[in-house]
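Before anything else, here is the set of structures, which you'll find just below.
Same chain, two partners: chain A is paired with chain B first, then with chain C.
For the complex of A and B:
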């Protein structure tokens, strides 16, 4: 970080607060992904299934992210919609080794895209094809095809293969998201 | 900071409560600010405070509103502001019972509860437990266990208290936390120790052995740092002593005694309190406890003085001699500047004092009775009641004092207690009757409590006609008709009718008054007046008895239900009041006992009104096939155990009596976990004359579940003596062996088996419903001409006292004693017991038993009944 940037962030001038929503099926690795973004002091060692949601904060390139890490358990999925309003971006985590439930993922994604709070807005969606290290993992291209991502016309989206345990692929994805949100904010302003 | 300043300024400007004029819709509207991307704690905090204030004022939110505001509130978790976060916890707790999907915050709360910020942790635990249900508790169990043994006392206490609340919804899960609670008991912190002991006791309280062990261990080893915990331990120990009936050598006693020397006053008081309240204390311990209380009476701290004198007041009746020892100290407290202490001191002295000091003490009370609160006035009244029972000769002084108190200002409870006391004195002491009634008459002239006035009018109607000069009460009663509201007027009309029915010479005047009442503006008053005047016109004694002097004997809820059905059914048949079950005479006393033993930890809340037992049975039985033709349920007996309580199968029987049939309900419990019983039925070996109509088996009886089988039998036709019988009973069933873990049978085919039960007896009492007769004497006189009478003399050689004989006769015949004749005055050798009841089929029974004590009890039994064979049956059965 350059001296100027440090000064800017110190004064809190250029810093923007943004909310992102982290969703996906249970056991896809949402909390692990978010854990990876946090600074080293805040990281937790063991991740347990989230019940409801938890709020996490992290910094990326002058943007202060507040991530609502939602529970992916079937029982709580219909609670996601309470947080659709006022979010600037969505991170959708997919377990790429779980071929069986890919149809469930598609169904949940379609529901999300059709929701009135989401379909009107041009918010960026970042897909993580997580658990790429698993043997039977599908490639990100295959997943994109299976979910029919090419049909999403009105929103910017990006898919990147990732391994949340090591952090591989996460940086690339979140940089894209930061860029998109920045553009979105500047357009608004 | 600036926010605070501003708020303060506003407050000064507006004056008074800044939240005075808040409105629900506006607050909910403002709460939308929570949804904004970046949370502004300065704005959100006052809004959340308003919301909490509103909820605490009793404002109701709908589920939708609550859910919306709840989810908006969850967004505040992104703020790091400590005050805001703690307000969020409070909000979660308030809304947890109204909003949907509150489990959404589970993870956020567990994060706070295990986090580094100590300020969050305790509050987060409490909030978490308020949103958790039994299924979710498993998920947070690990954290709760950790929190219980946490080093921070606030966290540990919060976890312990929350666990205590959780035992209501998931006792099994909380039971597993015993080890953690054990560890917390040894904590150094006062509160943690107390709360841990509370939880431990609550987990184990149903298991006597475990409680005994717990107390034994703790009384020996506990570093008794926490006075609260020691107090609680004393209470548990006292309860154990009561339950076990332990004598003064028991270790619990030693422990309580040792506590007299504890350095905390609270503990010493608790120990003394426990000792004086024990049922069986020896004089030595009692003296010790009383001397402790005596010491406290002279303490400079008002709390201690109050506690001591209050306890002395409570036990003044049970241990008068011991309390008398403190009389000197109590005398000093009469002039205490704290009026509550002074009142209690005087009333205690009244309870223990001699007859000669009554006048002096009454004068003393009169000087400040107007200065004390209603609650303490009630205490004074109760003392006077005790005094009046003790010294009947003093009734005029006491009565004058009570009537003076009646004239003072006061709430309903206070006035009711005075009226109650006067009524008790009247009932107890015939000499006081006239003056007492006169005072009550005067009181209703100027009584603002409708319910009380109605009660007194009813009493006047009952007692007035029996006085020497009944006519003087009529003026008071008729004044009510002119001056009061409809419900009092109606009660006054009923009271006057009573006079008309009981005093023939007043009848003419009453008729004139009733005729005037028929012009009343209220329907009820007019109806009653017309009803009574037409009955009085008939000049028929039996009509008087049945329709004026006696009260309605059927159960009111059943009457209401049947009438509703009748009006909906659209039949030609007239309504028959005989089809309604007779109301059961309630026993008020077992309710109070319950309240005493519970409430050590968790208050039980106001008692719920439960439908009567008969009502419950009736609805259950009505679902059986073929039961409708039997007519209405007449009576259900008490539960009879047909097995020992610790056997393989536990069978209990309830006998439901109908007009011509008996339905036997067998509740069976299977206590073998490796057996599944099917087709469970009870085979009866009926005696002569009885006929089994049908047999309804219980199809399936898994482990630890109660199933019910029924047998319907018909009473012998026209052969009453044979209706009292003993049946042999055998439980028959098909056994299937099954896996204890899953409860699924191993094989499809089972085998037949049977199990002998104890014999089942059908007694006379099963066929008789108790009826309380308000006016037994006139019913008896009337029955002389119209009823059949049987008389016989018996010698009850096995009874040694009259009390014993009375209890046994009542139990055997299943009749209700009338006119309080079940209480045998002390020191008498003869007694007359008056009983009343109804035999199945609606046949009235009146029984008079004259008892004499001489080498056993001799009884002359006179039975009057509308049916000759029943009178005969009763006399023959007794012999």
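For the complex of A and C:
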């Protein structure tokens, strides 16, 4: 039993769960994105930098999502790979205003795509070009080009520009992801 | 270091701007959390060396320049430090221009302090005093008087007069300033900061200033008054790099590199520094390695030298190109300090101690390198080149600096072997051995005999095993397999040449059996050449003759155990003695009812 399943069963989650991994560099807005998906009662107003990871749950079109919000800090990025095995989808959040670290984003994405638990799987990846409201923000097209997303042939992927503070662009992205996961699950069954 | 090892860089090329047009010098670029929100910015001076344009102070947020302001004079160095404990923690940025230190908080200038000017020489002050009183003079006489005083001791006003050509201009100049005494400006040549009471990222620091006339001032971080003042050395020495370790309140060492080639040390309470090291070649740059406080010095002759804090030379290395700047590269996550060495043509070598561990390249000769946090990223190297390019490199999270090559170089010789301490277990064991030596010996002998017996048994078992018979001298091995339930059998023989070098030739196999029991399809097989280490398989079909009588009458023909056998002989051509013989015990026919 993987760490992921252990956690899921520990939390008493039912079988219709799907697991998504939320990754990205620190300060890209992962926790803010995840916070936006939660129902209004669960939402937190103050988001502090995540240490290690945190587990969040939310519902979307009859699918119960368990989101693993990973810390993006350099020293915690090693943790990501332990969750690759058991996830149905990946949300990769990018701070589109952080031009300096776009190379770091590419490096981390390449490491993720080359990982043995990921490279064989047809796992959908949703990219959020977040912080689109910032004036230095790069467009999602430019980010897709900088990250070389067009070279991802064997996995469905999608990029949406987003503003996690207002929620703009998040719905569209998650609907795509939900659709992809649904298709994958129906193929398996 | 081999090429292949270096082929994958440990650095990510984050951004390069060839059009930045920056002109700067070492110690003119710092990385600091300028607004106090953890977003580290690059603060850098852009020197304009012609008289008409002013030098500028520029700030980069990430890769973008967000702030640009003019400076009153040519800047010399930039520092940043926490002046107080007030929240939010916003550092003060200090820029030295001429003899003044400009202090900024939140990028706004808030304070200016001036280094005390030097007293005039007696002759010069006398001269100007009389001028002031008389209000009348002869330029020729004044020039004559001024020339008596060494040029370097004059005030800049008097120096200027000596540089003027026409007597008319001189007169005009003197008239202009006749009503005031000249001052001798003490220009700031270098700056640094020293932690005041605690060692941590946010501790309060005191600025340290070095000047043209060899003074070292330690300033109060809040009101910028002089806390301590000292001379660099007992000889004429012009400081141009200051590095420090320790705490101002407790004990500290200030290491000062001087243009005259001295490296001086100044400690708490001292009014004058001492020369620690004297270098014959020009010093280009110097860094202090935290922890050991080793002093790493780059010289103009492509030399990189390392000294202990007491000034003993540890090692020297020669670089491939002339060095233009050094930069300390602290890697906190792996607890390692490296020194980046910027060289002509843009090569940057990274040294860990005396070992060259990594390299990277800049577009052209770097004029300043800084390493530290930028924005959200912790390990960023910013390089500004002589050509004005600014480039940002990020150290990969996965960068591995554990170098296998290091182990082959013995660093310290004549050190005793690291023998482990005698443990309690060891002492107990040796005591036990002394006390009951006889029992231990007997137990050992018993075990040894048992081992021998087991080995002998295994050998016998092996010899009696029919499946494989060998002749070691001839290097052949024979094994047989009987297939079938009867009355028809197939016997498969495998003859293996176990000699790895020689071929086997001229062998034949003969089957021998009692014709009362068995009829064989072939009795003699000539074996073809068997190449070294290969085997040859042959088979013969066996038919058991099923006469009731025969089985009763020929009991004598049976082997003692009562089983029927076929014998196999391997013979060499025209040799009467078989080189190998084996007996195959045939299984009894299973009669089906």
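We adopt the following convention: the second predicted complex is superposed on the first by the 174 of 189 C-alpha atoms of A that agree within 3 Å, B and C clash if a C-alpha of one lies under 4 Å from a C-alpha of the other, contacts with A are read in each partner's own complex, and residues count from 1 in each chain.
Here is the rule we go by: contacts are C-beta pairs under 8 Å (C-beta built on N, C-alpha and C of every residue); 3 or more make two chains touch, one makes a residue touch a chain.
All of these numbers come straight from a predicted model, not from anything done at the bench.
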item: Which of chain B and chain C A:71 touches, first, second, both or neither; value: first
item: Chain B versus chain C as contact partner of A:100, first or second or both or neither; value: second
item: Which superposed partner A:26 touches (first chain B, second chain C, both, neither); value: second
item: Touching partner for A:174 - first (chain B), second (chain C), both, neither; value: neither
item: Touch list for chain A against partner chain C, complex; value: 25-27, 74-75, 77, 95, 98-104, 107-108, 111, 136
item: In the complex with chain B, residue positions of chain A that touch it; value: 17-19, 49-55, 57, 66, 71, 76, 79, 82-83, 85-86, 88
item: Chain A partner contacts - residues on chain B that touch it in the complex; value: 35-38, 71, 74-75, 77-78, 101, 103-108, 110-111, 136, 139
item: Contacting residues of chain C [partner chain A, same complex]; value: 12-15, 62-64, 333, 374-378, 380, 392, 394, 396-398
